[in-house]
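Pasting the structures in now, so scroll down.
First chain A sits with chain B, and in the next complex the same chain sits with chain C.
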Partner chain A sequence: MEIIAKKTRRYTMVLTVLSVLLLLTFLLNVGLGSVKISLIQVFWEIKKMVFHQQAEQSVYRAIIGQIRLPRTLAAMISGSSLAVAGLLLQIFFRNPLVGPFVLGISSGATLAVGLILLAGVSFGLNTAIPFLIVLAAFSGSVLVMIVVLLISRKVKSVVTLLIIGLMAGYFCSSVTSFLMAFAEKEEVKGFIMWTMGSFSGFSWHKVTVLLLIALPILLATLLISKPLNALLMGESYAISMGVNIKATRLIIVLISSLLAGLVTAFAGPVSFVGLSVPHISKLCFGTADNKILIPGTALLGGIITGLCDLFARTVFAPIEVPISAVTSLLGAPIVIFLLLRRRNVL
Partner chain B sequence: MSIIRTDSLAVGYGSKVVVDQVNLEALKGQIVCLLGPNGSGKTTILRTLAGFLSPLKGSILLKGQEFSGIDQRKLAKLLAVVLTDRPAPGLITVFEVAAMGRYPHTGFFGRLTTKDIKITMEALSMVNAENLAQRYFSELSDGEKQKVMIARAIVQEPELIILDEPTIHLDVKHKLEVISILKQMSQEKQITVILSLHEIDLALKSSDTVILVKDGKIMDYGCPEDVLSGEVIEKLYDIDMAHYSDQLGTIELCNQAKNLAFILGGGGSGSRLYRALNKHGYEILTGIVHQSDLDYFVAKSIGASIISEKPFEIIRKETYAAALNTLKKVDTVIDAGFVIGKSNERNLVLLVEAVRMKKSIYSLRQEKETRKLFQQLSADQYIERIIFCQDIADIVKKITLGK
Partner chain C sequence: MLRRKYEWILMLVVSVLLVSGVVSAGSILELRYTNAFNIEYLENGNKIVTDGDGVDWLLVPQGQQVPTGYGNLSVIYTPIDRVLLASTTQACLLRPLEVLDSVVAVTASLDSWYIDEIKTGLQNGTVTFVGEDWAPDFEKIQEIDPDYAVVYTGSYPQTTLIEKFKELNIPYLVDNEYIESKAFGRMEWIKFLATFYNKDDVAVEFFDSALQQIEDLQGVFADREQPKVVWGSLYNGKVYVPQAGSYVAEMIALAGGDYVFNHLGVNESGSAEITLEEFYVQAIDADIFIYSSWDVLSTDDIVKQAQILAELKSMKNGNVWRYNENWYQSLDRTHLQIVELAGIFHPTLFTEKINDYLTQLKK
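Coming up: the complex of A and B.
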């Protein structure tokens, strides 16, 4: 009993520290950039915005309100979504090397975007509409997800499902390669930049849509923490304890694919966050208990992606590097370092 | 009270029947053990009984209720499993693994109540693992992991636990510990246990019923003391290079030996020698051993030729003569260092005769003791001919050199 209370104290402490860090990251992201705004200033501006005070147009207000705030929110919620999606699939496949894109989600999105940017296929829609790329990417991921789900009802073993997901990914990538081979140079460059992901140019419209969909799904994930914990023992044990494995499977694939597909639709395939953050989170908390791990991973995903985006746009300013380049650059050494300190975590 | 009963059950995968006509019944608190060679279908039967596979034919009744009609959550409160796959749950403590057994009992978020925690700790102490509670599960040894998995099953508070080869990969200590935990569990908590084993001796000593599975059929079924005879075991496992002794509950290897060795044994002194020399390719002759002696059963199970005497009789002249006759055909004679008493005094005479016949004599007896014994028979001039050995390894070495 004593020890359980001690563990709970540790979890509460780490969660509190992470929440504070998330807030700090948020303020830093809004404050730093080509125009530096002090943290206090940031705080006041946001307060004014929230309470609709003083409608006058200051430069700070424009920068914060129109550019940095939506971008920061987008980066953070995307990071949380990808990290949680990765966590779910790592548990589901009982494989530490799995990320949110393992079921071909990002490849499906990439193919759909490729069709528009490279082959000029517009699906009968006006190319000028702002959400076209977003819509295309999302439908691409959802389509792949549906195919994988349909197949998953037929196969028994998760490993088979994993391989099917990988194959779906390869298939889409291959078609994308064909498109690239026949496309014009300038189009390819734009396309490649998209494939490396970016949070730049996030409008309030997009952020609102992202938040409205991602937040409820993230909260819903907490509801399946009990069967997720049972799945840690393997599928057979989970079934023997009364887990409805078919429903759980469906929910896991659905939630993780929706989260990953959503982020990909808005920001492109942001790599590595979904793979590495669950590991970092497990090591921070020293547990694989999902009741703790899901909120923890969401917080950490927000912090890390926020910081990476800050790095991406400020360090080499005015040039902005793709977000995927930064996440992998910073994430890989962290994971290796942590794993060497704690060996049997996987 | 019948906990589980099957009626002409056929188990298998898809349309392929692995074992047909499984009719078994386990009562409350009974231990039922499946024995049979690898690949005979034990696991398939167990997986079907646990509900992982659907029966191909026939029916399973769990507490009188048709198995397929029981909903999953209720089933989890009736039936728990311990499987051969070792889970690797990552950073989860032993306590948390065991507490997962509360799954069907806890609410939507799986919050543990004080009662749940108490039940979990009790189960851990029942398997002697309460001191491991705060360790990470993945850091444990195989034996410790298995105990924790049994605790997890107990925590589920089922009426039936199905275990697939729970002693596989465990050392002797943990094998025995696991079996005694299961026995204790069935007696104290009245939990019915169905398990598969490879150790015939453990099955014999732990279970109320054994089921012998071979070639897709139930070969035999019943009380282990009735069912498990040497012949049955040898047939079950297609053993021709070994003998199973039902008196001893052990398996002894046989060989096609070229060399002969006569061992003077008795009182259990010869058993280890028989095995050692048998292993090194000797055909064993032994005498004179009483028919109630441990040496007699061991010798019999390895297929040795035995010159024996009726239980508790003083060795008779005729028996002695037969032994002497046999002794003449053999070059290597070993004194196992048997205890000498009234009933087997003639064995000592036999030893002196062997020395007199200039056989190669190896002895495990102390030189001092031998000298004293030979003096009583005024045969101490022969004592130089005896090669005294410290232990069995020494004998094996010297015999091999002497050849």
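Coming up: the complex of A and C.
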């Protein structure tokens, strides 16, 4: 009893610390940028925005309200989404090397974007269509997800499904390579930039859509923490506990694919977050209980991606570093450090 | 008082233009090589300009009242100032208009520029580099707060920039000169940018003069045999050559050359990727080889990439040229580039050697 109470206290404490860190990351992201704005000014502007105080539109207000705020929210919610998607699939496949893009989600999105940027499929429109890339990427992800889901109904083994997902990814990557081979240099450059991911230029429209879809899905994952916990002990055990394996499998693939597809659609493929954050989360909490891990992973995903994005946009400003370069650069040493420190097996 | 004086000068300029026939109320500016934008002249120096994205703008000279009846159009008071350029070639078109001092922000860094005015501006701080166009530093842009931005759409649209500009309320003008397949179609966009500075007459005069120069050039080598020209560059074992429908192929023809890939992509602009052997077969007999990059310093650098190219006639005769770094930032000097090419293609006809845009490669 004492042990349980001690553990609960620990989980509560870690969750509280992570929540505070998330808030600090948020403030750091909103407070720091290439344009120097004092912290007092930042708070003042945010206060005016929150309380709808009438004020003349100042440069600082525009920078905070229209550039930093939407971008920070986008980076954080995307990080949470990718991390939770990764966690779900790691549990589902019982494989620590699995990330949110293992089922070909990112490759599907990349292929669809490639069709537009490399093959010039623009539906006859010779202009910049808002949301065209977003829609294409999301359609690509969803299409691959549907194919994987249809196949998942026919196969029993998760390993087979994993291989099918990998093959779907290879197939899409292969077609994308064909498109790149026939594309012009300028087209390839633009496409490669997209594949490296960025939260640059995130508008409130995009953030709103992202929040409206991602937040309910993230909350919904909490509802499947019990069957997920049962799955940790193997499918036979889960069945004996009354878990509907088929339905759970469908829900896990659906949720993780939607989350990963959504982020990829808006920011391009953001690597490493979905793979590394669940590990960091497990090492921080020292538990496999998904009731704790899901919110913890979401918080950590938001913190790490938020910090990585801050690094990406400020360190070499005005030149921005691709977000995937930063997430991998900072994420890999963190995972290694934690593993060595805790001497844990994943 | 100053404003009144300015209005008078403006009215006088417009009246002179109206009398001279360059501009007349109700007329539409004649475009010879492009139809991707439009300029319609109204009364009192007002204009309706359709940009590269088909968006109509009502241009009103500063200090004048907005005319009635155009309520649905966004108004731009001319001449414009404090401009962000999202492409280096846009700056080229502003150079002959002598309005580069209106540029306050660019999306290419100092070492990417070969236009003195912009370089100096970046060095002394009057022009700010705001990051690459795929992920610019929007904070910096907002801080600079340009009055207008010039962007492009087309095949490689600057979607990130455009979407955020809408949110930040930064008006943007779409200049799609890069889509044009005709050499002078690209250059004719000078008329589009000029109209925002009330320099329509300067642009027309400049453009016509450039065309005249090329027209005169045709007479010089009219009855001469055209040398065979091969044009391209190597990258990772692949060869990129301009297609027959590209502006480069047109420039070769205008300079009196016979492009060896005239059969490749007759109606296609841009460049094509071909195999080394395909390139070799066509290039073997070419008299002149223009290497379309500046990443080689000698013919040996080309041979290092593809040994077989040492066998080309042009390589053996030392008739190999490469781009100078300013090649792409000389859009406003297309006619001069053609004249330089003509000098290379017909050296006996041109005594004066110009090496402004191309450099002959030695071993």
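The rule we apply is simple: the second predicted complex is superposed on the first by the 336 of 346 C-alpha atoms of A that agree within 3 Å, B and C clash if a C-alpha of one lies under 4 Å from a C-alpha of the other, contacts with A are read in each partner's own complex, and residues count from 1 in each chain.
Simple rule for what comes next: a residue touches a chain if its C-beta (ideal position, glycine included) is under 8 Å from a C-beta of that chain, and two chains touch if they have at least 3 such contacts.
This structure is a prediction, so every number in the text was calculated from the model and none was measured.
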Label the relationship between chain B and chain C on chain A in the superposed model as either fit or clash.
fit
Once chain A of both complexes is superposed, is A:282 in touch with chain B (first), chain C (second), both, or neither?
first
I'd like to know which partner A:203 touches here: chain B for first, chain C for second, both or neither.
second
Is A:133 contacted by the first partner chain B, the second partner chain C, both or neither?
second
Apex chain A angle, CA centroids, chain B to chain C, rounded to a multiple of 10 degrees, is 140
Check the contacts made with chain A and report whether chain B or chain C touches more of its residues.
C
Go through the superposed model and pick first if A:34 touches only chain B, second if only chain C, both, or neither.
second
In the superposition on the shared chain, how near does any CA atom of chain B get to one of chain C? Answer in angstrom.
40
The shared contact residues of chain A with chain B and chain C are none
Of all residues in chain A, which touch chain B in the complex?
1, 3-4, 94, 223, 225-226, 229-230, 232-234, 236-237, 239-244, 282, 285-289, 291, 344-346
Under the definition above, what is the set of chain C residues touching chain A in their complex?
53-54, 109, 129-132, 134-140, 142-143, 145, 153-164, 166-168, 179, 235, 240, 270-271, 273
Can you name the residues of chain A that touch chain C in the complex?
33-35, 59, 62-63, 66-68, 117, 120, 126-130, 132-133, 181-182, 184-187, 190, 193-194, 198, 200-201, 203-205, 313, 317-320
Which part of chain B faces chain A closely enough to touch in the complex?
50-52, 72-73, 75-77, 79-81, 83, 85, 87-93, 95-97, 100-101, 103-104, 106, 108-110, 117, 133-134, 136, 138-139, 156
